[in-house]
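Look for subunit A in each of the two complexes below; its partner is subunit B in the first and subunit C in the second.
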Partner chain A sequence: MAVQPAMPRSWRRESKPHKFCPGCGHGIALKALGQAIDELGIQDRVVFGCDIGCSLLTWDFFNVDTVQTHHGRTTPVMTGIKRANPNLICIAYMGDGGGYAIGAQHLVNAAGRNEKITVILVNNTQYAMTGGQMAPTTLPGQKTETTPYGRDVELTGFPTQGPEMVAAITPEGAYVARGTVSKIRQLQKMYVRALLNQIEGRGFSFVETLATCPTNWRTNAEKTWAFLEKQMPEYFRVGELKVPLTTEGAEEA
Partner chain B sequence: MAHFEPITKEVKKGYFAIFPGLCKGCGLCIQKCPKQCLTWSKTLGVYGTPTVIPDKGDCISCGICAQVCPDCAILLAKDKQEKQADA
Partner chain C sequence: MAGVPVPGDKRVFMTGNEVVAYAAVAARADIMYGYPITPQNEVMHYWTRLAPKYEKRFLQTEDELSAGFTTIGGVMAGRKAFTATAGPGNVLMQEPMAMAEMMRLPVVVVIMQRGGPSTATVIYSQQEVILTTFGGNGEGFRIVYSTATHQELYDYTIKAFNTAWRYRFPVFLLADGYQAKMREPLTIYDPLERGIELIAPEAYLGRPGTPGVDRPPGHFRNTYSTEEELYEVLQGHVREYERIWREVEEYESLGTEDTDLLIIAHGVVARAAKQAVEYLRGEGLKVGYFRPVTLRPMPVDALREAVSRTKRFMVVESAYGQLSKLVRDALYGLAVEMVPLYKPGVGVTPEEIMARSRELIVKGES
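After this line comes the complex of A and B, so read on.
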């Protein structure tokens, strides 16, 4: 047999090429997540929950048990599964619409209760599946379908600082970080730590991932990287915001 | 198991393989190449967009293109022997 693509083992090859647009950050984030699952060897215990939005296109992405829920309700569904069977490792995968807009109540309450689940939120600064409308994370001045003159912060407020909020309301034992798909090794380490935090039963793990959306940003490859690496980190600072004291080697990232 | 046919090209330190059945032609790898040696190829990918191919002399097999590819369409192997063993 000829050489085969170097996909993570937990990816489902039959469903590839996946359904995301060319250049979509979901592919890179899910590659890092697949590598993290492989590294920990937990593929048979993972339950993967996907939200509505572009993130629902992951429903056949991994060779793990997957459930697709109502918009923003991935966090409570995963909480229920985790409470029913604490041996499972529950990953709630959502976009910024599912986490900060319609599902904000669930995210806040699950974080406040310190549920032992892992939430991975992919932030591409707008609602991508419906055509690029303004989301809670749209940057000030950014042009979208519903803000053709740029986001006016007087009228619509400032972008949501999700990890900062989660870090503020979670008790001790939570892991909160913000990664970016332009730093894949760091992102993969964050996913590994978030999953380990859940496996060891310390508390809520939350990783926001800054991702690309060339289709709705209307950017070419060069401008896509520029927007992700220069404009987004100006407002969304990348790094670990809250690390449980017992996580080994956590200070290096 | 799904099967993808690679197009391989020998470079200095091994070989570069691109899977047109996976490549969507987003061009993220071209921007990230530290040697700027990736160019559009004549082979078309899964969406009918061009795939990429490296310049044989410049590619240093660093693997950044394979790392940033959202579709895992690029594979870089440092060993030339391995290709013969596998193929």
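After this line comes the complex of A and C, so read on.
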């Protein structure tokens, strides 16, 4: 029986250990993504694009061609690449600020055009790289550096429902899901389906990924896990929201 | 590959926007990404009509940020990609162009200047000179051609793609609303038939082989962790930009040997300036003309030489001193009087230039 490799084959060993904080969810999300790339055997065709924020730390993460872009602009860069060379498999990797705030117009329009790209958006409820400010995804009452008394929904609204929005505005053929780093097998399956949706040319694919940030949440291991598994799902329902008919049955939440 | 719209040379009577679209096809551009803004819209209109016939592509994006960043994606995929914009669109375009400058990506951007600041007019100006030459949070590592005629729009559109892919700096074709919308005769041609080499694009991403197995992965970034790391990268850019400076710089001049007055202008205003100088010289006045064709890099040596042979010079532009800033920077240390003729956001006629020139020469000691 083969031993499970410690790292996905598509990871770049020379850039490990990676640069994320202890307890960060990015490492798990990127492991699931690496395994999905390995499973599909597409390492030679993938172009990985990373945004600004903690996601930029992935610029040398994989043994795949990679471009690190500007804040919010990974979606159009990947769109431009895909339109110019449809043979490539384009993955836009970003945080919640990049996708839902500064780059929201790109996400909305790429989704509306059903661009044949895959967007993976890591939701850790705040801007982590800049020191923990409120993001569109910050939970009501959650303390951040710009909501030191807790997010007041009267003043700043409720957490953005990203996959719900993308599911609503994409045409048929799009794949939309919300996974979590607490369920890595399910997450990996979502990434595989999202990538297959692009490979088979059906349409846009989008996986929001709930992730941890103990550094900015200021939580210990137990509280970190509780926030991810108990508090975040109160606003962010995990599961597949939109699955093209050609894809096998939907994943249970 | 599909050919060009017109085999052989052909005289045509076209608007400038149409000229740019035809020239981009002739340059074997592969894909245009664009967002509507006046006065450049017809570049997209003609491109979208020509594109399917010549196996070219087009994407209408959600804004100019996206137009610029998709163009970056296009060149990184190894295609000759371009976009066109103006005014407030040029402002947004500076964000992607900063990335192109940092990563030395061969994007081509056509600018049809309109009135500014803000929305201003959709008509005409030369008020995007500083923005186009030094926009973004960078150092102006870019090449900017300022065209004056429709023939130049055709020639320099073709040249812009070659310059971009040869030197790997972003290249701007800086024109204006007059050139965009005006109709003018010119000769269009297939550059290959004329023996003009077209530099082939190369893919940054998706080259053959598995990264990390058959070849190193292409890891392209614009972020650096330390000052020293960034400094080293930028020193490379500086050396390369200074190395190519004199290969790239272009200018046009007339009668600059020994003058009482030298008139400096660029773009469509240079046509008025040149006509005025030709007329005044016919009257026996010692007037010269200098026009930088490249605003970045500025033809510094030629400009300094021309200015060092004149008693005073006049900068004429449809802006409030933008060309003048670039010129004065190039002339630092020369003690020659400068006279401005600034008409921000409006055109300049040869008659105005002649009238002001006569005043200056009569008033002067010559």
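Miscellaneous remarks
The working rule: the second predicted complex is superposed on the first by the 243 of 253 C-alpha atoms of A that agree within 3 Å, B and C clash if a C-alpha of one lies under 4 Å from a C-alpha of the other, contacts with A are read in each partner's own complex, and residues count from 1 in each chain.
To be clear about the criterion, a contact is a pair of C-beta atoms (placed from the backbone, for glycine too) under 8 Å apart; a residue touches a chain by one contact, two chains touch by 3 or more.
Fair warning: this is a prediction, and the values are worked out from it, not measured in the lab.
Taken together through their common subunit A, the two structures put subunit B and subunit C side by side without a clash. Judged by the touch definition given at the top, the superposed model places A:Glu234 against neither subunit B nor subunit C.
When both complexes are overlaid on chain A, the residue A:Glu222 reaches subunit B alone and has no touch with subunit C. Superposition on the shared chain A places subunit B and subunit C such that, viewed from the Cα centre of subunit A, they span 130 degrees in steps of 10. In the superposition on chain A, A:Gln105 contacts subunit C only, with no contact to subunit B. Here's the short version: in the overlay, subunit B gets within 10 Å of subunit C at its closest Cα pair. When the two complexes are superposed on chain A, none of the residues of subunit A touches both subunit B and subunit C. Those residues of subunit C that touch subunit A in the shared complex are 30-31, 33, 57, 59, 61-63, 65-66, 69-74, 76-79, 81, 95-96, 99, 203-207, 209-213, 217-223. Partner subunit B is touched in their complex by these residues of subunit A: 1-7, 11, 13-14, 16-18, 20-28, 31, 182, 184, 212, 214, 220-222, 224-225.
Contact residues of subunit B toward subunit A in the complex are 1-6, 8, 17, 19, 21-22, 24-28, 30-32, 46-47, 49, 66-73, 75, 77, 83, 86-87. Residues of subunit A that touch subunit C in their complex: 10, 12, 43-45, 47, 52, 56, 59-60, 62-70, 73, 76-85, 87-88, 105-106, 108-109.
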